[in-house]
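Naming follows writing order (A, B and C), and every chain is counted from residue 1.
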Amino acid sequence: MNIVVLAKLVPDLVEELTIDASGAALDMTFARLIINELDDHAIEQSILLKERSGGQVTVITLDLEGADDVLFTAAAKGADRLIKIKGDFAGGVSNHALARACATIVKELQPDLVLTGVQAHNDIDGSAGPLLAECLGMPYVGYVHGIAISDGKSKVLKEYPGGLVAELDVVLPAVLGVQASEQPPRYVAVSKVRQVMKTSKIEERSASEWDANGAPIIGRMFQPEASTHATMITGNADDVATKLVGIFKEFGVL
Amino acid sequence: MSTEVVEQSFYEKVLEATPRGERLRLCLECGNCSGICPFGYLMVYPPSRLIAALRADRFEKALSTDAIWMCVSCYACTAVCPSQIPLTPGLMARTKEELLLAGNVPSELQNALANSQRYGNPLGESPRKRADWTNGISPEIKILGKTKQPVDILWFVGDYPSYHPRVQSTAKALVKILNALGVNFAILGPEESSDGDSQRMAGERGLFEMLADKNGKAFSKYQFNEIITTDPHAYNALKNEYPRLGISYPVRHYTTFLAGYLDQIKPLLKSEVKAKITYHDPCYLGRANGIFEEPRALLEAIPGVELLEMTHNHTNSLCCGGGGGGMWLDGFQWEKAHTRLSEWRVREALSVGANVLAVACPYETPRFEDAAKTVQGAAQLKVRDIAELLVEAMENERGEI
Amino acid sequence: MSQDIYVVIEHLREQVADISYVMLAAARESAQNTGGKVVAVLLGHNAKGLAGNFAADQVLYLDHSALADFNPDAYQKALTDLIGKNQPRTVLFGSTSIGADLASVLSIRLNLPLVNSCRSLSKDGKFVSQICGGKIMAEGELPAPTALVAMIPGGYKVEQGQSKQSPPVTQVDVPVLESLRVTLAKYIEPAAGDVDIAKEQILVSVGRGIQNKDNIALAEDLAKALGGVVTASRPVIDQGWLVASRLVGKSGKHVKPKIYLTLGISGAPEHVEAITDSEAIIAINTDPKAPIFDIAKYGVEMDMFDLIEVLTEKVKEAKGR
């Protein structure tokens, strides 16, 4: 089973986000990047599949801040090949450009399955998974939380709102957008990652094309103003409880 | 991996990383450790059984259970071992390390460890905001990265005093005391990372070394005579572990430091604090480092205070449950025990007739306050750090010193 | 080529999803700029009846057995054909398990620009999208001549997309839908015998702040006293402390109760989008800066554990028990 995982580095929301001087993009001076949480799930899912039925896992990411750590951590979990795509990303990264650049590399790898997180919080021009799928001419199913492979075929569990799940048969090779790995992403001890850094190699590839066509042009970025704020109820627990009962009565609930 | 190889390599790790780790081989299987362990009855493999498993080539069985995460690294076992085996830092920390390497770690703890690595604190707060608690304090607190002058004392503030809303009060209280005594101090602010001691005791030796390395580099940039810590865990790390990594500075816990100033402090304690106070000996100040009397001396100096001792005090103090990763295993430990060590301790405080539970460790204030909410009859029990009580005695009704 | 705004209707097992109406409302606003019609695109099998309350000028209905249930491959093929032929001004998709499987694929296949995570389309031809966990808004001109837009809820109320007058339905030809690479094997129902939280009037919702499974009993006592039901945000469900059918949020259910009382929920966008139709949101949280206070009607900055039991008692008293 040859599995490829596309991992994205996205702005870390723990840090304050500000808009740059142009007014239309994020100020990256103090922003830090972190692996997209759902891509971490995709990596975990790929390792689980490898542990179950053997095979090889390749993880690809762009050469941005933190890329090496993402790749070595994946290797410490069991990933076999690590690929870093180099290029000039100063102008920002659009998923359309990312998908096209990755497609060239992924085609060579001839995977049976491509996994990536179903979405990321900065997906202004769509999600990397389905964009990549179409660039590769592969079928795509998103919101997947379970994958079973047998005889070159796959059964996937797709989540719908309200707890409903659909079991789908998907022809391989395919791209799947992971909503949750079957087990939460495993922990890797710092010492293990350090060990792996000595033995694993990161392959560097250049982005042969960087075509962002398809992404919208952003005229302005801004922080939303809270248009309203809740009326705060104050006092000790007793006061607050009394006032809340009053509100419940107002709404005809009591 | 054959069990023999696991056992041998485990012994080697213990020997390599813990002073007197070779004493592990002198275990008498007396069971004192498992008996005194507060969660021993739930651990499936409490210390003596863990050693027995090692000897019987059944260590991998121990590693397949997650119950060992009940250990709160409180040093109770280490304190009573007749063979003086360093059970807590040697056996328990090493076993947790094996569990971590095998991926057998509860997700709550996982997050705290990942946060420590990424943000330099287990709470997942931005490192750039580590000194935000000092905003608005006058006179302005010196942050070494900005002032760059030599100072007498480098105050290692710690994760919870920096970021946790309840514990920031302790930090602010200590500021008032240091200023009243005219101490020339500064803090590292955003350059400070978690001391890493609890993470080390939770099995993440690599993470500990990484954090120590960062702190060591920050220390080396500045000139100061001594380090004081708010947190006994930080004190333990800086005194006993960092020197082995080549980072060695004189260090005291703030209670020992202030006890040295007792003659100057006493005249400042003008307001009466009429309270029946009982002092909880923190594991890492008391049992682990032998500091019992200085904190009590500070409390006894406060006018109006009646100091009471709980049944478990000094060397057999009861852990609050926060050590060894316990601070980040509440959900997990609750599922297994349906009781909390902090609740047990709060009941002890009540039974001795105290109305104030005095603490000296940042983990304890939030833990005991939470416990006081759920224990019957504890609603009126106040939890205060020694620094906060001193300031209460220093201030008049208008809050001025 | 037209100035029409197409809305790809989302439906599952004979229920039209709320996002469809939100999109119709957005399309109505956008059509005021383009001058075109609001056209609902309904794909399904024997599903014509679903179009009864669409606030649209027209419904294009594609009927085929392969479209009976959502199938990304089949829907992509049918839409490629339709959009390719008609070249509307804009096509709206839901940013959901249905729409997100379509929009990006079609963007590449049809070589059309895609605006994602869009909250509103204005009368002056602009889009406003919400990204970075709700912390950043991005605005721009709607790309021309044809734009694909994936929408999130929050900018419009469901009622704005509903109408008492049924729009005219035109059935259109469907291309060949064979050799599909994805097929539906079966549905797996959520936990049986549980309540439908989307129909409840009073919800007591717990977040990470509840800390552990045992504390949920406190929320259940309060809910019971009020005559309501306990729901939760994702972290609580992921821990297995409540069944998935109690999940309120993007990947759970959208709810519209009279009272939505939150305990320890911070207010992340994925949760908030599912509760904006509540009559009154009452938020209890220790963090005064929690985003939930920006959308709640009433807020209490307090530790929920200090309040729950007292509140439950007072509610019981008020009910005369």
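In the analysis below, a residue touches a chain if its C-beta (ideal position, glycine included) is under 8 Å from a C-beta of that chain, and two chains touch if they have at least 3 such contacts.
Because the structure is a prediction, the values reported are computed rather than measured.
S.K.: Taking each chain's centre as the mean of its Cα atoms, which chain lies farthest from chain B?
M.R.: Between chain B and every other chain, the largest centroid distance is to C.
S.K.: Mean of the CA atoms for each chain, then the mean for all of them together: which chain is nearest?
M.R.: Centre-most chain by C-alpha means: A.
S.K.: Between chain A and chain B, what is the separation of their C-alpha centroids in Å?
M.R.: 36
S.K.: For chain A versus chain C, what separation do you get between their C-alpha means, in angstrom?
M.R.: From the centre of chain A to the centre of chain C is 21 Å.
S.K.: Would you mind pulling out the distance in Å between where the CA atoms of chain B average out and where those of chain C do?
M.R.: Here the centre of chain C sits 46 Å away from the centre of chain B.
S.K.: Any chance you could list the residues of chain B touching two or more other chains?
M.R.: none
S.K.: Two-or-more-chain contact residues of chain C, please, as numbers and ranges.
M.R.: Correct list: 306.
S.K.: Got the chain A residues that touch at least 2 other chains?
M.R.: 184
S.K.: Would you pull the chain C residues touching chain A in the complex into a rising list?
M.R.: Per the touch definition, chain C meets chain A at residues 12-13, 17, 69-70, 72-73, 96-98, 100-101, 103-105, 107-109, 111-117, 126-127, 129-141, 143, 147, 150, 181-191, 198, 201-202, 226-227, 238, 243-245, 247, 250-254, 258-259, 279-283, 293-302, 306-307, 310-311, 313-315, 318-319.
S.K.: Please output the residues of chain A touching chain C within their complex, sorted ascending.
M.R.: Per the touch definition, chain A meets chain C at residues 11, 13, 17, 19, 26, 95-96, 99, 118-119, 121-127, 129-131, 133-135, 139-143, 155, 157-171, 174, 177, 179-180, 184, 213-224, 226-234, 237-238, 240-242, 244-245, 247-249, 251-254.
S.K.: Quick one: in the complex, what on chain C touches chain B?
M.R.: Against chain B, the touching part of chain C is residues 211-214, 239, 286, 303, 305-306.
S.K.: Looking at the complex, which residues from chain A come into contact with chain B?
M.R.: Checking each residue of chain A against chain B gives 14-16, 30, 34, 184, 186-187, 189-194.
S.K.: Using the touch definition up top, name the residues of chain B that touch chain C in the complex.
M.R.: 165, 330-331, 334-335, 338, 370, 373-374
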